[in-house]
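Some structures are shown below for you to check.
Next come two complexes built around chain A: one with chain B, the other with chain C.
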Partner chain A sequence: MSLSPTSDIVGASKKSGGLIGLLLVAVPVLLIGWMIIYPIIAAVITTLWLRNDAGAYVFSTQTYRFFFTDGYSLANLGLTLWTTVVCAIILLVVCLPIALYLRFATGRLAVYVQGLAIFPLFVPSIILSYAFIRVLGPNGMLDILLNAAHLPKIRSPYLTPWGPVIGLVWDHIPLTVLILMAGLGSVSDASIEAAKDVGAGPVTRLWYIILPRISNSILVAASFAVLGIFSAFTLPYVLGPAAPEMMGPFMQRTFRDLYDPPNAITQAVVSFGFCIVFGLFYVRSVVRNQRAR
Partner chain B sequence: MAAATTYREPRRVDWAGIGFAVVLTLCIILPLLVVGTWAFANVWRYPSVLPQEFGLRYWNATLARADVWTAITTSISLAVVVTLISAIICLPAAFAFARLQFPGRSILFFSFLAGQAFPKFGLLVAIAGIFLQLNLIGNFWGVVLIQLVGTLLFMIWIPVAAFQGVDRRMEEAARDVGASPLRVFWSITLPQAGPTIGAAVLLTFVNTFYETEGAWLIGAPAIRTMPVLMISFINNQPVIQYGAVLSVLLWIPSFFALLFARRVISGGSFARGFGA
Partner chain C sequence: MLLAYDTTKLKPEDAPKTWDALVAWIKANPGQFIYNRPDKGGAGGNFVRRAIWEVNGRDPSKFTIDNYKEFGDKALPPAWELLKSLAPSMMDQGAYTSGNTQSIQLLSQGAVTMVPAWSDQALQAISTGVLPETTGLVQLTDLALAGGFTKIGVFTNGVNKDLALKLCDFVLTEEIQSAVITELGGFPGVSWDYVSKELHDKYKDVIPASIPVFPSGDWEKNINDGWYRNVAPNVDRSK
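What follows is the complex of A and B.
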């Protein structure tokens, strides 16, 4: 999808093409400027320049000092970091074998496995939350089956930190598998065969041939997961514990229920800060891929 | 002939595939089947493995609720309005990015990635801070705006690829025999780019229909879409079947996306759009 050179086939002459082009893209570009770039800059400025008693705006780190000294805010941040790291690790451990299998397998069973791995894309997270509660919640399907087998009930992960972890992993499987599979597409059959011929076992082939070639895809998949999970809202709000809570529900509650936009925006800027490395890496990879084609 | 069949190498059993298929079926399909079963259960008391009585009682009860109908109409009108506006402003822009030369073309094209570098809900809170001053909180058009911004990337990038995939020689040939630019666009360009653009429009509609976080943060309590109503069913509704029936209703748009847009998503270009 790289931007190939254009020509004036569609009727616009070279001279007016520039103006017409700019006019055609103006509205969406202005929307991005007004609703993405301006709010981010405004969020940083309004949380650092606060109005003092005299009504003048002065530089102050007060809201950030509050966030980083408040035990509850820190507990929420800690839970968010824990959830993000645990989800990212589980996602890679679950999705890498699936992607590896799909890269090398053929036949109808592989098509079925791929269909299943992509299927969660077509299940909105709110339906997933509901299904989670009906299966893993108290007296859910799992309890029913365990009871039928005369086994004790499980300790339900519903409303514990593991609730959002399970939901978020489920939700992120398709895109993680797709990104890893796209990376594995660049591992040639010839290099695998060559390693096989010189007697390399499966583990050696994975470690020395495959992993080095897809390390970038793994980082992209991990960054994408981190960006999605760090400020997830719906799944932690519905499935997670009431306190401490993840940053998404915390921001929402601070903004809407406590009517405290300055502190909510401070929390947003803090989450920008924690994700910025992953965000920039992710965007850089997308841009590089687009330019390569 | 007979020898060939007799001595065929025995097929190796694909144990890994069987393992993945079983585990994924249990983890991905089973939970959804449970919800589907609840929607058609008139009576299902613990610890019975199957419902004591199947039936449509709760479909009638759910569809008789005023809040469900309000949510359905709100969701559909929001998704239609957002998709329409998005198509009107994005498709000409996509055409310009694909075909016209103008200053800053590349940087403007990549500017649509700006939102991708930040955690989404943090961004929504930052936008909500702006909307607060503009009185757009709890307002239909506030929700339209915030959902519209979420559609821009897909509605520009996928159609740009579609317009660039059109065979330019056919357009040139049509021009050579005297077709007007508009005629060329209508008869040559659009039919070739159409299916992919159609998939982009469908995905935009479906994604908007399910957009929960912006609607919840900006729209509540005045604007209640179906996903927002579903959250309140999960939190406050003791009758399990209402949520199950709403889940099945809620899944219908996804079903259409599954039917018509799967090809676009399974293709490599979709994953590459995510930076793979």
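What follows is the complex of A and C.
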């Protein structure tokens, strides 16, 4: 967006318009600097300059070496990556059809479907966790329904790695659907109709008309999901297994229960390292999007 | 800390009252017991601490706030072996809930038959209907599951010191101490001579002769970390 029309109206020069723009963005930029950039730098410094036995601070990669040689820590990192990848794939597989349906459907049913898809946004994850135990836990609602239909009980995903996966996917459906729908907004009805007129089937239309236009949105949706899931806390805490555990509960436990801030911060920096890769994907796609305009 | 169980599946007279009987019951009834991770709530934490006492001669006096350095490496590994041997008999071959509340929820859903629980939380759950009326409570009599005392401190130079002492007097009255037993399932802060004999006889199953307390200090973080590194992983839950 450009500020030039405003400056034309008030008759101010271009230069002061730029100044107003800078002032407008100053608050969020300062907040990001203070609450995000500074803690990142501080965290990296605290994990690399450790106090030795003599009480002096010296450069040391000890906590990182411990993390990357400790089987237990690596298993936790592995589980976190597995959960993130599995959730991202399931989210796209589940949300793309919903978004496509909502983009092209009309009528009352679509309104209800949209309401249902957005609903998880308003459910706090702690409530979701306990509801999960009630529904999918052992002897939960699903087991009761299966029993009523004379079917065997399920092997409950509660306290296994699939518990957090199911919870996190449900929790992230609204954001993913909204981002994909925003992307689908740029697919014009005319291009779909044109493809239909020349005889393109639904799969061809999806593959050659729709997907290329929303590839950016898919990337953004995936990045958001990955960032949210990698650092998830409540759902893995309540629903996941005791070991291996995801990085969120692992960090909190190291910090609060083992009284070990240096190693907890090291785990945080390692997690940040993985998340920044996906963050860069997102930034790149936003920049590419703006250039395209 | 005591054990809450489902009396429709386990008759009160058969409920284990010693550690050995509890272990025998757990192994004879695989999948019917679960305790929470020791750092995520006192119920599981004190169950783990009871196991540590068990393999160290059942003598809480051996553990002091500052003797982890000398005693820790000797005291903890046998307890991890004991707890690991119980893992295959836990719910889902080695699942551990992440809090006192989740264990109670599993008990209320009938997914397990017995869980360690805080006496006050279990009694409250029964009175609010979260746990059914048929829930039984039992304490181990050979050595009780560890508990913690509630402390009230009064500043000697406090502005309202006299009022604070008055409150302490009130808390120590027979009325309140009886309520600690009946309403909270807690252990009285005064000698049994100061509460009625009827109460003592009625609650003797859940209230032990004394409440052992496990020291914190370095023990706490090493028990927490040791459990996560030794007991929680290496379980085969695929069956």
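Note that the second predicted complex is superposed on the first by the 245 of 293 C-alpha atoms of A that agree within 3 Å, B and C clash if a C-alpha of one lies under 4 Å from a C-alpha of the other, contacts with A are read in each partner's own complex, and residues count from 1 in each chain.
What we mean here is this: a contact is a pair of C-beta atoms (placed from the backbone, for glycine too) under 8 Å apart; a residue touches a chain by one contact, two chains touch by 3 or more.
Please read these numbers as outputs of a predicted model, since none were measured by experiment.
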Touching partner for A:Gly248 - first (chain B), second (chain C), both, neither: first
Which superposed partner A:Leu159 touches (first chain B, second chain C, both, neither): second
Chain C versus chain B, contacts on chain A by residue: B
Partner chain in contact with A:Val238 - chain B first, chain C second, else both or neither: both
Touching partner for A:Asn139 - first (chain B), second (chain C), both, neither: both
First (chain B), second (chain C), both or neither touched by A:Tyr38: first
First, second, both or neither for A:Tyr130, with chain B first and chain C second: both
Chain B versus chain C as contact partner of A:Cys275, first or second or both or neither: first
Partner chain(s) touched by A:Asp257 [first = chain B, second = chain C, both, neither]: second
Intersection of chain A interface sets (partners chain B, chain C): 130, 133-134, 139-140, 237-238
Contacting residues of chain B [partner chain A, same complex]: 14, 16-18, 20-21, 24-25, 27-32, 34-35, 38, 46-49, 89-90, 92-93, 95-106, 108-123, 125-130, 132, 145-146, 148-149, 152, 156-157, 160-161, 164, 168, 171-172, 175, 180-182, 184-185, 210, 212-213, 216-217, 220, 227, 230-231, 234-235, 240, 243-244, 247, 250-251, 254-255, 257-258, 262, 265-266, 268-276
For the chain C and chain A complex, residues of the former touching the latter: 37, 39, 91-92, 95-99, 102, 105-106, 109-112, 220-221, 224-225, 228-229, 232-233, 237
Complex interface listing, chain A residues touching chain C: 72, 75, 130, 133-134, 137-140, 156, 158-160, 237-238, 240-245, 249, 253, 257-260
Of chain A, residues touching chain B in the complex: 1, 3-7, 9-12, 14, 17-22, 24-25, 27-29, 31-33, 35-40, 42-43, 46, 97-98, 101, 105, 107, 109-110, 112-114, 116-135, 139-141, 143-145, 147-148, 170, 175, 178-183, 185, 217, 220-221, 224, 227-228, 230-234, 237-238, 247-248, 251-252, 255-256, 261, 264-265, 267-269, 271-272, 275-276, 279-280, 282-283, 285-287, 289-290, 293
